Amino acid sequence: MFTFLVQRLFQALIVMFVISLVAFSIQDNLGDPLREMVGQSVSDAERQVLRDELGLNDPYITKYTRFISNAVQGDLGDSYFFKRPAVDVILEKLEATIELVFGASIIIILISIPLGVFSAIHPKSIWTKAIMAFSSIGISIPVFLTAIILMYVFAIELQWLPSYGRGETLNVLGWETGYLTKDGLLHLVLPCISLASIMLPLFIRLVRSEMLEALSSEYVKFATAKGLVMKKVYYQHALKNTMLPVLTVGGVQIGTMIAYTILTETVFQWPGTGFLFLEAINRVDTPLITAYVIFVGLIFVVTNTVVDLLYGVINPTVKITGKGA
Amino acid sequence: ADITVAYDSDPVTLDPHEQLSGGVLQMSHMLFDPLVRFTKEFDFEPRLAEKWERIDDNTFQFTLRQGVKFHSGNTMTADDVIWTFNRLKTSPDFKNVFSPYEKLVKVDDYTVQLISYEPYPLVLQTATYLFPMDSKFYSGEVDGADKSVIIKHGNSFASTHVSGTGPFTIESREQGVKVVFDRFDDYWDKKSPGNVDKLTLVPIKENATRVAALLSGDVDLIHPVAPNDQKRVSDTKNIELTTVAGTRIITMQMNQNSNEALKDVRVRQAIVYAINNDAIVKKIMKGFATTAGQQGPEGYAGYDANLVPRYDLEKAKQLMKEAGYEDGLKLTMMAPNNRYVNDAQIAQATASMLSKIGITVDLKTLPKAQYWPEFDKCSADMMMIGWHSDTEDSANFSEFLTMTRDAETGRGAYNCGYYSNAKVDELVNAANAETDLTKRAAMLQEVEQILYNDAAFVPLHWQNLAWGAKSSLNVSPIVNALNFPYFGDLVVK
Amino acid sequence: MSLLQVKNLRIEYPSRFGVHAAVKSLSFSINRGEIVGVVGESGAGKSTVGNAIIDLLSPPGVIAGGEVFLDDQKISGLSLEEMRKVRGNKIGFIFQDPMTSLNPLFTVEQQLLETIHANLNVTHQEALKRAIQLMDQVGIPEPEVRIKQYPHQFSGGMRQRVVIAIALSGEPDLIIADEPTTALDVSIQDQILTLIRNLCIEKNVGCMLVTHDMGVVSNVTDKVAVMYRGDLVEFGETSKVLSTPDHEYTRSLISAVPRSDRKLARFPLVNYIEEAQEHQALDLKNHWLGQSEEQRSYKGPLLNVENVSLRFVTKDSFFESKREYVQANKSVSFSIKEGETFGLVGESGSGKSTIARVITGLYPPNEGKITFEGIDLTAIKSERERRPFRRQMQMVFQNPYTSMNPRMKIYDIIAEPIRFHKLAASESEIQQIVFDLLDHVGLGRMAGVKYPHEFSGGQRQRISIARALATRPRLLICDEPTSALDVSVQAQILNLLKDLQDELNLTMLFISHDLPVIRQVCDRIGVMQKGQLLEVNESEELFTHPRHEYSKHLISLMPEFKGLRNDI
Amino acid sequence: MNSLTQEIKAPSRWQRFKNSDFIYHFKRDKVAMFSFAVFLAFFTAALFAPLISPTNPYDLTSIDLMDSELPPSWLSGGEERFLLGTDDQGRDILSTILYGSRLSLTIGFLAVAVQLLLGIVIGLSAGYFGGRIDSLLMRFADIQLSFSTMMVAIIITAIFKASFGAEFFSQYAVVMLIVIIGVAEWPQYARTIRASVLAEKKKEYVEAAQVMGFRSMRIMFRHILPNCLSPILVISTVQVANAIMSEAALSFLGLGLPVDQPSLGALISIGFKYIFSGAWWITIFPGIVLISLVLVINLLGDWLRDVFNPKIYKG
């Protein structure tokens, strides 16, 4: 376990290194950061001066070594737009994203598991068909549209919920949370539902299909024969066996959600990292983009490490060891 | 009254000299005041300069308003104006605007004289960019750094601290999330009817969301309103749409360097004749734009009412035939897809119109971040560019778009058509030194006429500006074609 | 008033090739305090009946007719919730396949406790006490420690005992036990049967005991039901049925029981075969199975196991000192000569299966080495070098069900090794061989189109044997190969193996708990306990003069079949 | 569906196919047959789009801006010529759906095929071999995950532009899109498959296969893979829809198909802007096509999963 974690830590460093290398090599293809910094009438000579100041004219190797030597000290450069260390900017926006992802995950878990299990237990029920049809529709409706429709219905027509932003937040131990104020919670509803709507169909289907497999197994039969309440048979015996792929996909998706809540955050003007990233791309804020991608790499290594550890917890036959062979 | 305003972006900085962009100027008009400002009709309205007069060809004198207080409590004097002018001369973005001037000299505490190198006609236009800053506040050092320094890509004192003379002070600012402005109690303009006590500016990037925020009542005023949403906004009860004819011209340039055929004036003319500006404005812009046949809009010095769009498919075909391109030709076209209103659709429509005269267009649309590098290289045979004159003057268009490219003077820097006409160059240069405004207007009109005849570029339209606001806000008096709403004067019922 | 009453039960398995009536029209009853033994041909429908009683037929099985009564209450066709109350609480069920009955993701403790809580109204402490007590009763050593472990850390026999413990934990009125002791050594088997017997006497519980072991039938059951191809051919007092059977099948079944008292050359074959499946004795010289490829020049023992030790980590820790182990094999050494059958007997959980896995290379041993024809297998690193030995060495797994890919049809399961090792020239030849093998294990060719789960326990075991034979191995490791087979099929299979051995010098490692079978089959026998090999002896010698105390103990417990033996 | 050629070549194989469980169950499952029929209908309609569609929307000469945003013909203001109305450029929606489906289906399916291929090979190897290989491949997946589709698109385009030139890219836009979307999303499969493999490889049937001496490749693909199929099928059906929409998003970045040749996904995205301004038909009709397509793909996927799981009884 300990060796395992040490190894993962080491691997995470390599991952981040490779990402920085790739991110750095494509920087020039992202656009020209100068464009976003200067007005239209600024002359070419002026631009060159700025470029020199920013070190944009240096050869790739110089730029990269400079980057790496700063990076080892935890400095991934300053965002052009925010004029602050990119890492700080990301960390600051992360709160909002985590709250959004958390809310969406709760919705996904609360809905997909019961529905998935239900539709596996009653494959012939009319409800199952409805759930499956709904999920197919859900898959094909882009999140952008879902978000806009929700907004039009609940914010404009009914005026029950606010249309954008995070609303009022409360500072708890340095963490700005929207979960503790009424306004904050109201602001969370629509974005969370929209975000959840992307993954919900996938998870319902996944739970259902894994559940179907588990239900045909002998141990479920034996558990039934033991006289257990069926709920227990389904939700403990069968469900736990379905968890491995669900957890895996969940891990990847949570990572993806934290990483690319782009659309939801854009539509709801949610001040999180996804929106930040999109803006950074639009503004060609290369230090921020690089820092962000590296950061996302870290998120993935971490979530996947957690998921791998959970495999061992869920399935004792899957051994987690640090050995390399 | 407290209001919330949603824009598509928030100002990148609080330093008025850091970047010459709409966002920064909008901010400047709230936190600072210029010497003079434009009215809706492009006239000049005295602000911190009470009076002005031309002393001679090269000298222009401003009389400053007395008793104007900065947010810090300091009183504004000629020293502040001079300090500001000198700072502007060092700003990469603004130095170009102020390059005609040699210096600003103090006559007395409330009188200054602007001296240009050559006779210069656009003094008042440039004076709209002079927002006097609090020289005492911005002088000195913090943490070992000069407070007055302008830094584009890093933190500076001025980018986070403000002391202006404007109607508002900054209460708080969370970049990308919101900026809160408070009414400045000691604001000099006691005659201003404005009654906004607190103004919260939130950036909402997505068009649909911005409209939704307005319709749901979460914000009081939005800008811009996409053409598609304008009908909905104006149809909604208690919400009003205010539009103003804009001054940003949208054009397509025809690259004579990359495509032999475009050197032929007949081909260029054919292209102009083939494009139906009316249809674009009507269908794509939903009528929220003004069709253009020239660079500058009405109200600008060079505007010539006779230069109207000329859509004539037969004529276009005829011209193609004359030029020997009966069988058509191939063109590449590039356009941004998130820079101008409906830019990609306009490009598509243009491409399809050109196909009617046998021109096959290979169209590529890109996000602006990727588009500008391509534009710098003039990668395609036809490229879209929109232009807004910083000086609200016709000559500015030509300087950047249609004069012969010259790396040294920076003329024609955005001329991806590689159009070059000595006469045009000469006329524009002359106009820039002509202080007699009538003569000057004639020159600029001639320029437009030449460009028109030569089909130097494809003029499409001027984008309108639109604001959506609750009816309780009296928006129309404070908005203008320049897109600097004077929020200080906003009246909320 | 009888506890369980089954009336005219008919069970069908529809499939795309027609409806298969697994049970045709079955009626019998069980009284309180009574043990009813169910015997019969493998695939006769014994498990199916049991499953039908608690309404857990595996799909597509359906009860096509008949009724089931428990305490005069009709329990066939009850609602889900009502049925649940019957299960566990009224009827304790032990499935035939103990390996798959346990949920791999829960500890034994969790699985036991939840059953107790579901059926009895007790506190957690009481439940735990009861669970440990049950574990102890079914003979699991160190129950307090073992209860915390996961099923995969148990040996086959131990898992079977856990399943029994779970079934008994709800204090049911009726116990349906489907071959509950197949993986248990005689002493544990005895312990468990005594436990059930006592339950029946003390708590007035009824029991339906499906078994193939005629010794068990004669020793513990009060009544016996004999099934043949979905029909009940005989039902009555055990002593009466066994001594004066009415039906021809019963008679031939009894005649096929392996003798525990002396060794015979061949097993007596069942002569009651309804549809006269003419089985000519295998002419191996002309048969595919007889065409061996190997050059045999090596003279020493074919297989040599030297000082093999293996331990499993049961609790991992970063610190060496904190790790916990189970020593599954302790310095085990023996060797098998070419053409010999070496038997391994011993306590359940003594490491028999583990040593078999070590030999096949599935577990690398911690110490010691395995040599095959003088070549050290433990030294081989690459899979490629190992492959030729793989083919020559085959294994019949203790649990045939889990050792078959659930998504492959039987035909492919058997054909795959032939294809892979290119043992046949053409696809049609492969088909010929597969059908042949299926015939020889008594399944018939139609079995090829089915999937593993569509078979009875004994049928799966036979598939497993057919698959092992398909590579024409030289060394066959059989881990309980006949535990689920009725004596008649068992005789057929064992005769087949014997023929192969005679003709081809097939070498076998034969692991079994069935001492009479071991006596009939093996030349030499090793006795294992707690990971150690206690004694290796000539077969007859061991049975007549066991040396080790434990061996003596085992042999003394061998259940004696007291049936008619008039045909010899 | 190349059955015809096979029939001539090897009748026995065709015969076997015809007799297989697959076909047997298919013939008995009305839902599967219906879904397949619908799917086939979309497929052929897309394939023969140039023959059946009223106009060629990709031919710029045939469209007129003045025809833009016309409602479906049965609504007031609609025109006979445009059954389902027109889009913002005056393209006939019906024709565009037909032409666009062709692109979208090709990209959707092939991109998912690429994802599957990469995901399966990498996931199986990682799970089966474990250890270093596992760490290497999974960290590689982490790196891949960190770059969104958009970034991958930028990277791949840059690489291709550098090595083949810009011309190449526009010529092979479809191929490039397949590669881009294929490469961008494989980790999802790889990780899922790996998880299943981790659980499966401890099962006895795998040990049995090892004892048989089978090659690792065989054990991985023939034995373990079929047992990991159910999550793969679920993800795949979702991914097809995703790929179709990703393609549309990429074309916004200037990395996809030419804007004047909108695919189904692009058409839907174009319509977003108009959905509340009146011209709902631009999004709704192609949306319905996409939804029904995804629906039948899902139904077929569910059915396939059941067929591949012999334990699930199919009435």
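Each chain carries a letter (A, B, C and D) given by its place in the written order, and its residues are counted from 1.
Rule of thumb we're sticking to: a contact is a pair of C-beta atoms (placed from the backbone, for glycine too) under 8 Å apart; a residue touches a chain by one contact, two chains touch by 3 or more.
Fair warning: this is a prediction, and the values are worked out from it, not measured in the lab.
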{"item": "Closest chain to the centre of mass proxy, which here is the mean CA position", "value": "A"}
{"item": "Higher-contact pair (C-beta pairs counted), A-D versus B-D", "value": "A-D"}
{"item": "Intercentroid distance (Cα basis), subunit D paired with subunit A, Å", "value": "23"}
{"item": "CA centroid of subunit B to CA centroid of subunit C, Å", "value": "88"}
{"item": "Distance between chain centroids, defined by C-alpha means - subunit B, subunit D (Å)", "value": "45"}
{"item": "Subunit A and subunit C: spacing of chain centres that average the CA atoms, whole Å", "value": "50"}
{"item": "Interface hub residues of subunit D, defined as touching at least two other chains", "value": "202, 272, 276, 309, 311-312"}
{"item": "Residues of subunit A touching at least two other chains", "value": "30, 148, 152, 216, 281, 315, 317"}
{"item": "Subunit B residues counted as touching two or more neighbouring chains", "value": "208, 367, 370"}
{"item": "Which pairs of chains touch, using the document's own definition", "value": "A-B, A-C, A-D, B-D, C-D"}
{"item": "List of subunit D residues in touch with subunit A within their complex", "value": "131-132, 135, 138-139, 141-143, 145-148, 150-151, 154-155, 157-158, 187-188, 191-192, 194-196, 198-199, 202, 230-231, 233-235, 237-238, 241, 245, 268-269, 272, 275-276, 283, 287, 290-291, 293-295, 298-299, 302, 305-306, 309, 311-312"}
{"item": "Residues of subunit A defined as touching subunit C within the complex", "value": "1-3, 216-230, 232, 236-237, 240-241, 314-317, 319, 321"}
{"item": "Residues on subunit B engaged by subunit D in the complex (per definition of touch)", "value": "207-208, 226, 228-229, 231-232, 276, 279-280, 283-284, 337, 344-345, 347-349, 351-356, 360-367, 370-371"}
{"item": "Subunit C partner contacts - residues on subunit D that touch it in the complex", "value": "21, 24, 202-205, 207-216, 218, 222-223, 226-227, 308-313"}
{"item": "Residue numbers on subunit C that touch subunit D, as the complex places them", "value": "16, 59-60, 152, 357, 360-362, 383, 386-391, 393-395, 397, 399, 402-408, 416-417, 420-421, 451, 453-454, 467, 471"}
